[in-house]
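Handing you this structure, nothing more for now.
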């Protein structure tokens, strides 16, 4: 048994298949994948990695399984899945995931191939575990898959607490010990036991407060857009294939961006935090529906049109369309009066947080500081936004509630 | 200057009028008034006092005044009010406040007389401060009164964090440093500066999560009801006058309850945590409106009727009607797009939390464990509740969401 | 199973004999015995109680037993002892313990009689545990007694962390999770496993830093001396017997002190923090050896002589002779290279901390502020101290290193 | 003014020259220099950077200056120095510093040239600050230099707390708020005010506990030795010059090591945590004096001789001679009885901690796991160690007290 010191859960005891997996290159690679990518541009302490997060998820899975009374091979399978659940992440975690998906058809939790290959596959098989079954758990399949990837999964419990700890933002502090204790199976469904509507709500609220404050902080979004655009350029220029990039770590990708001529200026900008600023920052109601569903090709064309109209280089306009608001936690199941209910049926908070989320959603167009006014105006015309100048709807409505920590953007 | 070590804010520097007030008997008495009264029956670590809370409020007031750029005599006045804001509390803080109010017409923040009397009055006057003006701030009067007693006051910021720290419940963790930094005056109103809708929401959410989990925990409510009933008995029997009780500390009141023959059994029950249990626990919609507005005399009559019908001693039935749901924080003011708005206008969370609060509200009838069934049935008939037996609506609807930590009640 | 929320260990699961003991009056009484007595006069947040500490000790005992692989009846016995280890405490914990010992011959860990009596005795017997055996563990008897009361006991691990948490002083933060994991039995002795010399040292260091900063803070010592003197007066005047006082809680003792005419002024002084000040504060080398070994009767005579010479009332002079420096932790056993060694043999820190402790030791004479000069001079003559006036050695040598937080004493 | 959220100090307000310096490439580069280098191989959460540490040092400098009453240009100069004090660090902080010093003659605090060059120089000059004077402060010159680089500097106060926070080890928790408040100048010397011997001791103790547990953890030392050897190879092979490496960040160095043929296997080993193990681990008394003073050239020859005798490739033997034990904090100045004393004169702890440090000191020879026995024997002969086989003195004396967290090494 190995004991690892963790800044969040203190001591984590690793044994069995997990101890054997720990030293595989696939798991060690997670030390070099930052958990929150460009969020560290807004929160300088947020340098934690997928490795410590994976250990934390493994730890909470062990605790949950203990409380659920699950032992033996089934438990080992879930523990392996917990430790391995993020091995499919590309560099900077979610930052370039959508881009790579367009090229490879794979998200980070599509790890069947990765788990079957050695040495991970060997380790699993030597512990009598089928790699495909473990990959299935990571994809959320079956009763136990809900524990690894579902509305009440231990992944969520670890990252909310961990991201709060490392950013210094107090909003993610959920009672994860209670959550883990109150999980139970009813009719094959993972649910929170009777008397836990509020426990479920607290998870939802933590997520809702962390979203605008941390995960979608404008500085993080701008950094991400620039990183994504630069990475796309690497692919276009044939410097690296999407499959290669997918298996890089943060160091590889940064090195690649610094070396390639066409991306070197993006790399420098990210390094020096000399970021684009917001030229447009629009609420969901002010963005034409068509724009929300536009495919990536069309977005690239629109960027070029805007750049052209504003008279700037095409690489100086980045459109950022976040995905539509959604709320996984709303489908969390809680036992109420002996029946399983979806949190969304039970709690008036769900609709309210959904509304809040919608009101915080922003469409962005970014450009170098010197040209934001021009780009903003051009974008408004090209995209058909109701424009009154640069920041479009920000000025008009403006119930934007995010912490503007650290070098507030325009 | 005196520096005091605090478990929440670390070092608190006390100077000026506050340093002089610190050693008055009125402030030192707060060391012996527990902050959360009978909540410690549910959360054994919750033994903090009004003294440390008052120091914390003073500390946050100093920080807020510094950020607001308020200095000199006006600042001293607010600091004095912050340190003194709770000197009017009766023993066990809010636990017997309503009872004493019925007899004396005074709540804990009605401190004009207390502040005028010596030595507090002397200290204030010797620092050129008018006791009446300080009492006014404590009552929330004027522009600066909002800082001491209002929707965005530093009182609230301290107690949420402190109560969370001492109960071990993570839900009260607000970003109090940010809140204090973002307070500003606009048109004479204390508001949160632009970009802080979410900061205001987080205060609201913390309060909404702490309410059912801590402040209205059923065990705390039962303990409070028993303490209140026993104290009422002291008054009825002429053992102590309401005015005397009002100036007691926790030690005095416990000593009095232990000595008087008619209250000794209550004192023993509280000491040994041998509490009444819930005989009725009903949702707001199942309680006749008339009951919500019933005056105290009528409640006492109803208790007697129920006891009579159930064949138990009258002191074995306690009716607990909490005040109707309300939400002070919903009127917090935030600047949005240059205008002051009430949080309730701005945030969809307010209505949702109001609904949640309403759904968590419970009417209770308590009795010794052996007779809860009989009392429950009797109460249902007498009070006109829709009864299906003991816990009435709990079983039928039951989205009761509170943590049932520590010896869960029936 | 009952789960209790604790501010230090988060959730504590209580089951078996412990759950049954929890509701006995003897254990519930610990809610009303403050953990650190008059230390709260120096650290206002230090209001925690023996109850939460006892729960914490129980929790760590469970963890240690789990790691040691001890189960069944032996484990239940140790758990009962852990929860009950402090039921023998008199009011304000150690504050009046020495006084009561002189009269009753019993320290707080002499609980054989208490454990045999009902209902605690009944609970133990109904769980097939012998009260005498549990009392033996509390007294440190046998192999498992070391876990409850010894150099490496879980009592120490809980109180260092808890007292640090509640005072806000960071020095008690030991790695209690590691300590609990590394405990093992070798040749029937409780030892720290190989590779833990430094772990043992950290426990020693934490204690050495907490001693002068918290446990022997001058304000706490003065408060304690006054409380002890007042309690002695209660006994002398026949207001209460030592045996009665021993079973009081903090509320009873305060109530008694407030009511009795001869102690009422002490009670007021403690309530209002209007404490005596140091008239003499002398290092160990400046105090005649005879004084260190003087019995209590003689101390009382000396106080009277000093008062007489200084022309003050006898109750206005209090001599405070702390016990000679000692260091339990120096005998902690650690495995080094397969052999058991005492920490004192192994670590150069032990001697150094012993020297530090000796240099921080102070003999005190206290008196009301107005007469400290007169009393200091008189005491120097009567006691044969090398005096240069009031504070004797403080001014001359003065490497007094304690935090003088909050209203620094003279 | 910019406000930055920090996981240790919460909000850090940055203004004046510091705000202007924040966005220079030299300061932003610190985001990509890990604070503890290879310590993260032992403590996976230790991924914090020199950037957040520099902000923390700046923050504590501001607080100290405020307490010292230093304002205006002198204060700005110190604040600039605090923020810039680590800009001279090479990749992985201290890990390759000694190697680069041998080639460039510069340590990380030799920043005169760097500060004079633009844009940092420009920013300083535009704020009326002389780059040379700021560099002098960083080197510890003059009265105010002691605040930035001295025994009581704010650098130390930040890193102890921050490194403890991020590793999860509780030993670095000093009372930094108290330390900052108690700093004062006496006769031009930075000292801790009267009554702070213990405060100074706590700093010393924290350092003494962190050293073996964190800073010199064997896994961290082995990783560092491999990184250093690999980097040396880059220089030898002409892949990069020492001056170039000095200005790299962690990403650059890792990329260079991965690309060069001769270092690629080291890079892979570090990435996969497939580290060398200890072949020799000897106490100071068992190592010939000559070895302690050997220059680097001779060390390389000895490695070659050992490799030759053991029949392994020369790159598979790494000798690790840590610098001789020293204790900067022993010269901290505290005011005792009005006089300035060195802590070493005053506190018996200093000698004890020095002895402890000496007993924890270890000389190491590392090699791939498969050949540690052969290399250990060969090393013992070549180096003239008292050998009983592989680990030499470890087995014989073995009071090695370090936490062997995470995959304990042989």
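Observations
A, B, C and D are the chain letters, set down in written order, and residue numbers restart from 1 in every chain.
Quick note on the criterion: contacts are C-beta pairs under 8 Å (C-beta built on N, C-alpha and C of every residue); 3 or more make two chains touch, one makes a residue touch a chain.
By chain, UniProt protein names: A, B, C, D = HD domain-containing protein.
These figures come from a predicted structure and were not determined experimentally.
Following the contact convention of this document, A, B is the list of chains adjacent to both chain C (HD domain-containing protein) and chain D (HD domain-containing protein). Copies chain A (HD domain-containing protein) and chain D (HD domain-containing protein) of the same chain sequence form an interface built mainly from equivalent positions, shared numbers / all numbers used being over half. Taking the mean of C-alpha positions as each chain's centre, the chain lying farthest from the centre of chain A (HD domain-containing protein) is C.
Chain B (HD domain-containing protein) and chain D (HD domain-containing protein) have Cα centroids separated by 51 Å.
Our note on geometry: chain A (HD domain-containing protein) versus chain D (HD domain-containing protein), Cα centroid distance of 34 Å, whole angstroms.
The distance from the centre of chain A (HD domain-containing protein) to the centre of chain B (HD domain-containing protein), with each centre set as the mean of the Cα atoms, comes to 40 Å.
Residue positions 3, 10, 169, 178, 403 of chain C (HD domain-containing protein) each touch two or more of the other chains. The residues of chain D (HD domain-containing protein) lying in touch with chain C (HD domain-containing protein) in their complex are 169-171, 173-175, 178, 194-199, 201-202, 205, 209, 212-213, 336-337, 346-349, 351-353, 355-356, 359-360, 395-404.
Only residues 2-8, 10, 22-23, 25, 28-29, 31-32, 40, 43-45, 47-49, 51-52, 55, 165-169, 249-252, 254-255, 258, 271-274, 403, 405-408 of chain D (HD domain-containing protein) touch chain A (HD domain-containing protein) when the two sit together in their complex.
Against chain B (HD domain-containing protein), in their complex, chain D (HD domain-containing protein) makes its touches with residues 3, 10-11, 177-178, 181.
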